Amino acid sequence: MAGSTFGNIFKITTWGESHGKALGVMVDGCPAGIDLCEEDIQKFLNKRKPGQSKYTTQRKEDDQVEILSGIFEGKTTGTPISMLVRNKDHHSTDYREISTYYRPGHADYTFDEKYGFRDYRGGGRSSGRETIGRVAAGAIASKILEQLGISITAYSKSIGNVEIDYKNFDKEEINQNPVYMPDKDAAAKAGKLLKEKMADMDSAGGIIECIVDGMPAGIGEPVFEKLDANLSKAIMSIGAVKGVEIGDGFAAAMSNGSTDNDGFKMEQGRIVKTSNHAGGIMGGISDGSQIIVRAAIKPTPSIARTQTTVNKSHEDIEINIKGRHDPIIVPRAVVVVESMAAITLVDMLFLAMTSRMDRIVDFWKK
Amino acid sequence: MAGSTFGNIFKITTWGESHGKALGVMVDGCPAGIDLCEEDIQKFLNKRKPGQSKYTTQRKEDDQVEILSGIFEGKTTGTPISMLVRNKDHHSTDYREISTYYRPGHADYTFDEKYGFRDYRGGGRSSGRETIGRVAAGAIASKILEQLGISITAYSKSIGNVEIDYKNFDKEEINQNPVYMPDKDAAAKAGKLLKEKMADMDSAGGIIECIVDGMPAGIGEPVFEKLDANLSKAIMSIGAVKGVEIGDGFAAAMSNGSTDNDGFKMEQGRIVKTSNHAGGIMGGISDGSQIIVRAAIKPTPSIARTQTTVNKSHEDIEINIKGRHDPIIVPRAVVVVESMAAITLVDMLFLAMTSRMDRIVDFWKK
Amino acid sequence: MAGSTFGNIFKITTWGESHGKALGVMVDGCPAGIDLCEEDIQKFLNKRKPGQSKYTTQRKEDDQVEILSGIFEGKTTGTPISMLVRNKDHHSTDYREISTYYRPGHADYTFDEKYGFRDYRGGGRSSGRETIGRVAAGAIASKILEQLGISITAYSKSIGNVEIDYKNFDKEEINQNPVYMPDKDAAAKAGKLLKEKMADMDSAGGIIECIVDGMPAGIGEPVFEKLDANLSKAIMSIGAVKGVEIGDGFAAAMSNGSTDNDGFKMEQGRIVKTSNHAGGIMGGISDGSQIIVRAAIKPTPSIARTQTTVNKSHEDIEINIKGRHDPIIVPRAVVVVESMAAITLVDMLFLAMTSRMDRIVDFWKK
Amino acid sequence: MAGSTFGNIFKITTWGESHGKALGVMVDGCPAGIDLCEEDIQKFLNKRKPGQSKYTTQRKEDDQVEILSGIFEGKTTGTPISMLVRNKDHHSTDYREISTYYRPGHADYTFDEKYGFRDYRGGGRSSGRETIGRVAAGAIASKILEQLGISITAYSKSIGNVEIDYKNFDKEEINQNPVYMPDKDAAAKAGKLLKEKMADMDSAGGIIECIVDGMPAGIGEPVFEKLDANLSKAIMSIGAVKGVEIGDGFAAAMSNGSTDNDGFKMEQGRIVKTSNHAGGIMGGISDGSQIIVRAAIKPTPSIARTQTTVNKSHEDIEINIKGRHDPIIVPRAVVVVESMAAITLVDMLFLAMTSRMDRIVDFWKK
């Protein structure tokens, strides 16, 4: 069935394969009157561009976005915004071999089981390139959040066993190192680790953390369209994500109620929390404090080592996947996590506008 | 907005507050021709019934389900199945005090921010009793899975720092101990821990694990309605859940590609995996092996200790929440996790029936 | 699949069979803070109550609604409102005979083809009693519209070949005659016609018209969630409706552009239309003038005459459906059309709140 | 909010403005394994191409479709099919004048009220060119129906007061005349009428009829996702449609039960109906006979005559819309009605696959 649409009233629909003609996204439900140009989108897309560092693919993806609809005289019109990125650098012939077997850690086998066959070139629809549409849409969602005073900070929290030290936390540092870590020292250690993995023909995983500032309280729709539930879906839908946490997450399972409970206090006439173990969401609704989400990313499945698998003739075989592979997915996925969070927040903010009758009357009586 | 519906074509809609007249659920999209009676539902509901052990509430919730529609001559008719449980044992007067302040760790504050006021009796809609509808619907989903040869096993994997030892894993043991652990020794240790928490006027959290056997390969709709994405949403939507993992989950973030990749091999003429780090889902689609999901549950927020908070007059206050409180949510949530998993699996199985044209032609040509 | 839910963010889900235990509806997405009690609902339900006149069924349906959730201290809480009407007066034994064959003009055959069997008692889910849930939900939608200064007037425009004369139009008259016509003379003629039909063991159809005043311009979401498209779906989903028109409707097909086009002019500083052939909707969006919708209702299919059909043994047979039958559906359907229109308008009003970024910023900056 | 998506599991999402860079559609939920190429789509698009006859616009729209995704080795892969048509022949400068006022019969005013401003070039999103996406998607839906033995015949039933005579009905004739009528004589008369309208600087409307053969019984999901309800929405969502009928439609309102009821009889071992006043749908579910739908199309709003309206400075003005205008929309809308019907039928067929548990077990047990 149709699974390529995300969101309720701010809705994105992505399409495209790694080595097809193009990839893209349609953003529907974007309000009218927002200044928007291709450069706004390109800035976001460039963050996921490969070939930026020695740890990411050398394939030259000159991903230039084209906006095809929904903008007039520099502003969104309220009608669907269609965006497209043409595929350029693809050597489909390279993929003839992998068409015959199932790569471990990839979706080759499951796509074949589901659809009967697959576009095997570069992973087809299951490629990381599928996220181009998410990021292009995320750029628009971010512009909306900005106008509402809401900002998202996303970064690599850990790469393999190298974790950032919050004492060194420096937001400005995130875009200064190839692993998008907010800690210079950790970034250096992570770089060293990745070199070792490459030498070892292996790969590493890591954790991405995403912090939202400025989110008003009251966002999230019990009991199934909760803010945390939708963030989980949004982030788990990204390839290679195997876990999602809100606030203390799995650590909360080891905590005590007396520690985990966030108290309330008055501060400058406003109600604030005395701690934020909950990660800014209580009962599925934002509580006005920072929202904290984390995603566990598995190691890159494409590794240079010999691996065992089966081919389409149902024979046990050994394979060596050719080409140069990234030893890590995490850095490139940072902007994807940020984008999916932004898209979810915008949708949930819009949904929350009808929770009180007095506010609805105010809105329409003007 | 409307947030009380879950699912696409097998759809549940829950309603009801902790101390309202009743709670219930409407199951829509249930196929015709399934034997179903109230006893099928009651069996599931009894698993979440409190007062079953010394670690769960003593409130006598004699939750008797009544099926109001959708069944004729003992079979489902294909029309909506409405189910209701009347609330009986509620002393609303007890709640007058908590109506004046915001309990730490509860959704009191966020509901007030969202809706302007709240039904404060027993937590209203944010109460754990809200899960009655989920479990009643889960009972039906489980019957459907059973007919398709699919079974779910859910249990407490850890309570506080007490974790099961898989060497002792005994499925039969799950329902033999009050903490629903598949390991007798761990259950005994967990019991001891909970007694300590109670003595300490504190509470504990834990992890629930859910294993699915018999799921065919090919289920899950890329790229947003992936099986793992929907399971995450389903489970994160349960109150007190703060994290969700598939397969190795957060551990995968620390692993290497060479370890994390599941190879393939031929076994008795069938393609199987050599390991299952992925937890049965690749590219968002089931791969035919066991599906493994875990949920992190926070400690019970209601604790007997003195806590600091603010009241509605915006004063800093100290509170002591009266009444007897469960020191742990985990055991009662096991059947809720199982139910949400079952509902998700049924919906995704139904959605997957249209992935191949040849199978659709076969279906309709008969 | 699940077909019992209507609406996007103001969402209703109905359930129940004619002779099951009860029928009901769950209204989700209703804003918090609306005064609501059972009497508000009952008033609406009474309009569709049979046994009110000599032209409608004598079955004593003492349809008493019970609100089970979503209300606290006399106000909506923003959580789902579950409402239920118990079935009382049903003599299921009467239906044993009709279980063996397919009644002409009823859904007996299609339900059997779809589901394999059916709850044949009183038509089961395909009974007119299914509309109880729609009307109960419509009562809530109407309260919301009222607060926004929007009102709906629905009535019988024609019964058989008896049509109202707009020169005699008297809104107050609608509830004064058993056929809900706003024209006393036409109502008298219609009454006479219906007596003839009854004497003739036959039945009549008619047209219901629905006028909406006070709808602001700008409501409706191109290109598929247009206001007229959703009204059409809402109204065509009512049993016995075979056609829907907006404004001039089918007459527009015979008109000229020079006549059909509604011009604009300034009136007291506001833009108004010089005519309203469009029925208040242009390009799927409300234009600020009256919205006009009409529904064609087929004659009651249950008639006393001998009819030919087949039985479940696949034999051609002649049947005489026993019992007393209404010679007309139209009057009882008036409040159903009104309810479905109200539900649609509320949903579309809520959806239209995010069409402009400046208004969204205003909303959230407060 | 997002209104550009139609369908539940076979889902289309359209985008694009009359004079933007391009228009297109994304078809999601299309099963894998269908032979599909651009020529299949082009054939359908050509039917709505203007400049084909003297009664339709002379603007040379060389609408060439490009498929960007979802096809591999000539077959659908089950992933989203993105299709695009570049806009070529547009002289935006022509539209500078109409940007200053509201054209009668167009959506200029309502778009401005909704969004605050509009892309006024050629009507922007409210242009008839928006249907390009619908027709491209309709071509795919038609291929699916074909494989299931279902066919759709759509044609002009009437143009102004010229109606076809069913005695002359000739399916082959439909594509032989510029008005798509299945009656040569009527087509000639309609041609004459349209010449008169053009001479008179006026325009005409008409009725499109759509017949579906081969639809199995049992399709349609009570009580809101009924087949007739969804067909109504689909067709009413097309610009210029003001009414929708099923079967006898508005004529049923004037009929008697004894006439309107379709009896059943045995014919060659199968249950068939003795008549088809219902238009193939009973209780919202297909009954196995022909499905009959009609759409009332209003006259072209763009006429050469002087008309009165207001401008953006809120002055009453007289306007003369320049350029050459079609005197009729009906013929070009025939393939649009056919396409929307096809899309709806495919979606409803897919939804109906889960109505019986025994069939689901059969499907998955294979």
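Should a chain be cited, it is by its letter among A, B, C and D, assigned in written order, with residues numbered from 1 in that chain.
In this text, a residue touches a chain if its C-beta (ideal position, glycine included) is under 8 Å from a C-beta of that chain, and two chains touch if they have at least 3 such contacts.
Since the structure is predicted, the reported quantities are computational estimates derived from the model, not experimental observations.
**Q** Write down the chain pair with more C-beta contact pairs when B-D is set against C-D.
**A** C-D
**Q** Could you work out which chain's C-alpha centre is the most distant one from the centre of chain C?
**A** The chain farthest from chain C, judged by C-alpha centres, is A.
**Q** From the C-alpha centre of chain B to that of chain D, how far is it in Å?
**A** 44
**Q** Determine the centre-to-centre distance between chain C and chain D, using the mean Cα coordinates as centres, and give it in whole Å.
**A** Distance between chain centres, rounded to whole Å: 26 Å.
**Q** Counting only residues that touch at least 2 other chains, which ones in chain C make the list?
**A** Residue numbers touching two or more other chains: 1-5, 8-10, 14, 29, 32-33, 78-79, 114-116, 125, 222, 350-351, 354-356, 358.
**Q** Okay, in this complex, where on chain C does chain D touch?
**A** 1-6, 8, 14, 102, 104-107, 109-111, 113-116, 125-126, 130, 158, 160-161, 197, 201-207, 217-226, 228-237, 239, 242-250, 252-258, 260-266, 269, 271, 274, 277-279, 282-288, 296-303, 305, 307-310, 314-316, 351-352, 354-356, 358
**Q** Provide the residue numbers of chain B that touch chain C in the complex, in ascending order.
**A** 1-5, 7-11, 13-17, 20-24, 26, 28-29, 32-33, 66-70, 72, 75, 77-82, 84, 114-119, 124-125, 350
**Q** In their complex, what parts of chain B are in touch with chain D?
**A** These residues of chain B touch chain D: 8-10, 29, 31-34, 76, 78-79, 144, 147-149, 216, 222, 349-351, 353-361, 363-365.
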